[in-house]
Amino acid sequence: MSTIRATVWNEFRHEKASEAIAAIYPNGIHGAIAEGLAEHGIEAHTATLDEPEHGLTDQVLADTDVLIWWGHKAHGEVSEEIVERVQKRVWNGMGLITLHSGHLSKPFKRLMGTSCELKWREADERERLWVVSPGHPIVEGIDEYIEIDEEEMYGEHFDIPQPDELVFVSWFEGGDVFRSGCCFSRGAGKIFYFRPGHETYPTYYRAEIRQVIANAVRWAAPVVRPGRTFGNKKVSLEPIREKGESDRVRMG
Amino acid sequence: MSTIRATVWNEFRHEKASEAIAAIYPNGIHGAIAEGLAEHGIEAHTATLDEPEHGLTDQVLADTDVLIWWGHKAHGEVSEEIVERVQKRVWNGMGLITLHSGHLSKPFKRLMGTSCELKWREADERERLWVVSPGHPIVEGIDEYIEIDEEEMYGEHFDIPQPDELVFVSWFEGGDVFRSGCCFSRGAGKIFYFRPGHETYPTYYRAEIRQVIANAVRWAAPVVRPGRTFGNKKVSLEPIREKGESDRVRMG
Amino acid sequence: MSTIRATVWNEFRHEKASEAIAAIYPNGIHGAIAEGLAEHGIEAHTATLDEPEHGLTDQVLADTDVLIWWGHKAHGEVSEEIVERVQKRVWNGMGLITLHSGHLSKPFKRLMGTSCELKWREADERERLWVVSPGHPIVEGIDEYIEIDEEEMYGEHFDIPQPDELVFVSWFEGGDVFRSGCCFSRGAGKIFYFRPGHETYPTYYRAEIRQVIANAVRWAAPVVRPGRTFGNKKVSLEPIREKGESDRVRMG
Amino acid sequence: MSTIRATVWNEFRHEKASEAIAAIYPNGIHGAIAEGLAEHGIEAHTATLDEPEHGLTDQVLADTDVLIWWGHKAHGEVSEEIVERVQKRVWNGMGLITLHSGHLSKPFKRLMGTSCELKWREADERERLWVVSPGHPIVEGIDEYIEIDEEEMYGEHFDIPQPDELVFVSWFEGGDVFRSGCCFSRGAGKIFYFRPGHETYPTYYRAEIRQVIANAVRWAAPVVRPGRTFGNKKVSLEPIREKGESDRVRMG
């Protein structure tokens, strides 16, 4: 298998606006995630909101096998043109890993077709992500659960379509549950939503979280095959009989 | 169970533009579908593209349990505002039955998150819709297959998300197959895509087709329950302990 | 819609062996469940392990639309013959609601194809069943969650196939989660697994629990349609050409 | 990734009983399949019905990542003990690829929980397997469809649980369709059913068929992670409060 090329996209605003967050992520959230991917042998590039075309030019997307998306407070600043570009690239096979508050990002909402709303609470809550799909490649190397002592809470109802495969379900100290690892496909592209990673916690340095994201990148990488074709297929593959007659056969 | 209220929406253009089609559907495609629903005890109203707000005012949608959508050549004329209104009403529980060429309608594409493209051919082809989900309420009263002697062909790949439940698979004379009866959910709303019904064939007068559409309306009707709530839930349902201490408990 | 006929099956041993449990369920667990169904207009019969053929004669099963199964400590005493009879009746359309410790009952394990094992603990734990499928008919009338102050804990991993539809996810006080409302289909039959109902708690008197079970019975009721046919279909529906020749057509 | 070890199991009776079939598969059907896997870099062993323990000792299964199963006329001769052994090994992570007439094999039926019946016809019929899941790893390198000029027909209804992922749908000349590539999971094991391969046709020499089987083996290989645990978890991960009191906390 050739090397997988991932692009880690981050709106990169919290780290500039808050010293406390910058102290946790001195190289940005994207930097920490890319570092984790590199540890797992994945070629990781980064792109951020304030770059031209948000760093997601046609060429960058064409060269990206899997796009990882972290956004939170600037969803509205992502241009419609880039959103549409990302959506179409997913349809053509690029994987997409949407992290944490990216549930309300424009590309994810467009690809889901739902509001993607949920309940949330910032209360330094314990989260325990239980594996419910024990043979899934995304849990390679992961024990029965991942425990995170302090995280933001996300709770049900999480307004997404029913996942094709549900991989993790989170328990939260305050009494909530959440479908925290969810697989979808859209066109030829595979999508994984993974919940943890609030900007005020060092979640993306944790070994298990890095393992899950790397596993997800491998799972979401495109398969190599001829493109799909659509539209008017005037010539049929098999003969179509003229109706009202019994044996006469014509090619469509 | 109280009476289900369906609204049959039709762009209603083919019937005005073509005498041949008007001869098949003198009361419009919507008229034929509504007549079929009435036969099955469903209260059916109609709405069409050229009415104010396309006939889909807030009040009409609020009073609609299940919306049936037929459109083909005027998808682009449906206003974004109405599309968004339909999408949100589905999220809040209204059922949606998308028929035939409605696969490219704006509401369906927005709810799916995919291109919804497919292969097609107009060649008076035989279609045989095989039931693959034998216990599903949508096939109540339906035999092992429905055979239609002449229809437009739709072929794979049909670019939709994997259906939650696949009910029918079509065989076509010219060598193609198609997932022709597909269930989805989006928010609290249930969606059924049903393939047959090209404007040049009297498909919506057929008893089995009417039966399937009526079954689908019953299946897609909203359930009555309190609305979902989203957003910041500052007060937790269970105590959250201050971290670093063992036994102290605080309410969030 | 004609009246749905449910049969509530209970091994009926705990109630005879323990005065404390008999005090909670003086008419047996089956009696309490049947009473709840009757409140919702469902015709409910009962059957128990120590009756001849465990109360599940061919005639009883033929007359049963939906079978509800509660068993715990006597799974091994259920005869293979009756298990096979139940399995085949499900394949032919009968609904099956498996409750609580019925996860290890022979019919459920045979229909799932997995071990159906799980984690458990008896510790008077709080359970909160969150609705994750807000438009599903099984949650008609149910709020965002059902809270039960004291129940036995069941935790993941629950070794079942991925449900066709996941309706409830439970939060437990002790740190576990559980997929507590799960829909499956097998042949023409629909199956719902519903977690609550340990014998030492009065769970089956609770209004929401009765509501869910009644909803599940309605959801699982058979659809009326011709039976499926299998086996050698020597005569094809369409002509099959002799290979190596172009236009000659023969009926298979 | 380390080398995947596959075991190809064949009942190996047709090849001994029929000269015509032996001429097609001089090294047995298992030999042809194993040869195809070796071409794709997969370490392939074989096992057959008439070997001691059908060639499937505990050690062989422990050393098998993915088991491929071809059986037809001797399903009844496979011992219950070996069937149970295979089922449990699948639960613990071994992949299983069930080919063609293996749909009625004991391990597959046990893992599905359904009758696995279908319609069939031997009429040298053309089959066209359409890809309906374009981003799935099992279709790597495969075009929009695979066309086989002559095969046995299998038709719906195919009595299996709804697949987790549907990868191929077959068109047959005689008017039938079939879900011919189906993914399931049971426990930690992944299962793929793939339809083509009647003993009277040289199907397992075809490049696309070999590609699909090799892809499926890679997809079905186990993930490496700690085993699941089940049973009584007396000690809870979180404190459980004594009910009726507000703040007192005890460890379960």
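List of remarks:
Order as written gives the chain letters A, B, C and D; numbering starts at 1 within each chain.
Here, a contact is a pair of C-beta atoms (placed from the backbone, for glycine too) under 8 Å apart; a residue touches a chain by one contact, two chains touch by 3 or more.
Being a predicted model, the structure only gives us computed values, none of them experimental.
Centroid distances built from C-alpha atoms place A farthest away from chain C.
Two copies of one chain, chain A and chain B, touch each other, and the residues they use overlap strongly: the shared fraction of interface numbers exceeds half.
Should one ask which of B-C and C-D has more C-beta pairs in contact, the pair is C-D.
The centroid of the Cα atoms in chain C and the matching centroid in chain D are 27 Å apart.
Multi-chain contact residues of chain B (touching two or more other chains) are listed as 126, 128, 133-134, 144, 155, 157, 162, 164-165, 173, 175-176, 185, 187, 228-229, 237-238. Taken together, the chain C residues at the contact with chain A in this complex read 128, 130-134, 144, 155-158, 162, 165-166, 169-172, 175-177, 179, 247, 249. Across the complex, chain B is touched by residues 87, 91, 110-115, 117-121, 123-126, 149-150, 153, 155, 157, 159, 161-162, 164, 173-176, 184-187, 228-234, 236-243, 252 of chain A.
Residues 1, 93, 126, 128, 133-137, 139-144, 164-165, 173, 185, 187-190, 222-226, 228-229, 237-238 of chain B are the ones that touch chain C when the two sit in their complex.
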